[in-house]
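Working notes for the structure below.
Chains: A, B and C, in written order; residue numbering restarts at 1 for each.
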């Protein structure tokens, strides 16, 4: 082959590969767009006020997901109350004292816990809480979500704290402040917004969880504010609607999905805008 | 240091240690509870549990092989589809696209990961499954119908649909890890290739060579995710404990049999069988994830070294 | 002697920051030209404009002309890939590919399909490694990893890799700054040897090095070209006060 021909062929291959990789990106965007468009299109058609506040009714009589929204809110809140302090505390430990064997062990175990399928967490909480209590409950559901949350929050908290410049804490330590004061008054406030965004993302994550709730919180047809009782959630409700035989239920599944995905997208986009300004 | 300072420090430290230890306690308790609650079937069937092909809870026959088979095959389908796609996206974002385009696209790919599993399942039932039934399936059958993989009745629900929906969910995760790995490759490698007159693509292959073990790690991590993927798969794979050569036939995975049956399993042996499968899934994903982490860390270390 | 490279009124910007100011300069064929100056003076940036390596930085912008063999390399139709093959580069830190010694050198030959067959490839690789004065040290382990070499050997391997594609110009960006004195001496001897066949532009922070290896020297400060002269004159009787101050160590 002549020099020129080799040269042109190489440039052609390069262009083709750029196009192919761009096509991969286009496919991903297309899938996202198709999914979101479907949710929007199908969801908007089925949403109304009654749907948002009513409880499920026998097929054909309308009904809604009011109790599921409340259930999801209660369980997410309770899970955050359990999971955030433990997760943030563990994260602070990993960042400030976590360079020895115990820290590495915790870090490794946290990473594997993040990779454990969430349904396994559901089984664990089932054996731990549901079997002894002999019934499913909102508390069991919350605990499952909290367990999913803890390692995620711990690792993001650690990362955020490690971003705080060393000079900042050295300055305070040099003034004779004890370590805990430095961590509490200097390091944590400096990392606060990062930790908060990590927490928000983990809340978005657990609000979309279904598998760990299936047999811990189960489901309920009624408004329920007691966490020792089975509790409904948006995600389990979507699952039940979607796998049911009736068209009306399918429509409700789309409408409930619109609310769930809308919420998750809003959190993600807000976090994105917030962090973009910051860094 | 003042005395209150030292006391304060040790109290502070102890509290934090308790929080950190909680994570270890959770995992240890998780293993202990699952082992304890799966003892009945471990005693009853031993290793035969994993090789048994029959699953008949009503007559206390529990063989997990169909679920293991379904889990592996659907994960393989997912990886076959997701790995090239993820590599393409990551290469485009890190090596090919200008920053201005790469940033918003990267965010959109991240959003794919934020969509809950149950939503993928819903979309799978009402959009992907009909698409496979009416368009993709017939095309595959007319061209590749001579393969046992693509024979049988087309319902749109089955192994292929399960694998495809998994692929969609695994893609953003694999993409994210590959992106990190490519970004970790030193720019001096890119400059070396460019300075020799390498084209953009030739430069990219040099970067890929540097990142090989990290990319392998990303693939293994994707495998870990696929193995444990639950809701979306449960909703589209057909939930039938059979071992069929056809990808159009319904199948079952470990995670989906748990999701679909756990709440109704009241019989002690049945419950034990399900928990034992959970234990198997836990151990497998644990090993796979640890292995993936090892591979990814190696790249980070290497590019740090020179 | 003719000029290989001719730069006219070059300004260079990173975004809104101007890094180089109105540089005009000629680099003669088959000579070594050294670029010296305090760190941050723009000498490396300048070197990277000669093979358009700065193109990889999105906010970089250049005005003026850079001609090699009379052709403006910043003209819109310029083929950057072909340009970089003609203008090779050796970097501050040795950057071999994670391949064998042989494959590192063969890489440029392979992508350009310069070889007729395997024997021809072997020959070209050997010649490049010999030209880089590395052959005797590596001939028995060509198929082992390049990372097994010492720092100085890795840098000479990178030179061999650059020579293998038969460039006309070789740019060297502080090629010995990370090396010990003995390895540095080998690189310097090599540079002197290479100017028989190549035009060499070398950036260095080490003035003795510039004095030892170069025919002409250019002194940069704060993005401006202060003085260009034959090396001997530059180090004995510079035209500019600033150059004298720098060379005698009064600053930088």
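One rule holds in what follows: contacts are C-beta pairs under 8 Å (C-beta built on N, C-alpha and C of every residue); 3 or more make two chains touch, one makes a residue touch a chain.
These figures come from a predicted structure and were not determined experimentally.
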### Query
If you average the C-alpha positions per chain, which one ends up nearest the average over all of them?
B
### Query
What chain lies farthest away from chain B once each centre is taken as the mean of the Cα atoms?
C
### Query
Looking at A-B and A-C, which one has the bigger number of contacting C-beta pairs?
A-B
### Task
Could you give the separation in Å between the centres of chain B and chain C, each centre being the mean of its C-alpha atoms?
48
### Query
Any idea how many Å lie between the Cα centroids of chain A and chain B?
17
#### Entry: For chain A paired with chain C, centre-to-centre distance based on mean C-alpha positions, whole Å
52
### Task
Check each residue of chain C and list the ones that touch at least two other chains.
81-82, 111-112
### Query
Which residues of chain B are in contact with two or more other chains?
199, 202
### Message
Please output the residue numbers of chain A that touch at least 2 other chains, ranges allowed.
### Response
10-11
### Message
Using the touch definition from the top, list the residues of chain A that touch chain B in their complex.
### Response
10-11, 13-14, 17-18, 20-25, 27-29, 31-32, 34-35, 38-39, 42, 85-90, 92-94, 96-98, 102-103, 105-106, 108-113, 115-124, 126-128, 131, 136, 147, 150-151, 154, 176-181, 183-184, 204-205, 207-211, 214-215, 218, 235, 238-239, 242-243, 250, 253-254, 257, 260-261, 264-265, 268, 272
### Task
Spell out the residues on chain B that touch chain A in their complex, using ranges where they run on.
1-2, 4-6, 8-9, 11-13, 15-24, 26-27, 29-30, 33-34, 36-37, 84-89, 91-93, 95-97, 105, 107-112, 114-123, 125-127, 168, 171-172, 175, 199-202, 204, 221, 224-225, 227-231, 235, 255, 258-259, 262-263, 274-275, 278, 281-282, 285-286, 289-290, 293
### Message
Help me check something: in the complex, which residues belonging to chain C touch chain B?
### Response
51, 53, 56, 58, 81-86, 88-89, 91, 93, 95-99, 107-108, 111-112, 147, 158, 161-162, 165
### Message
Show me the residue ranges of chain B that touch chain C in the complex, using the header's touch definition.
### Response
98-99, 186-199, 202, 206, 209-210, 306
### Query
What residues of chain A sit close enough to touch chain C in their complex?
1, 6-7, 10-11
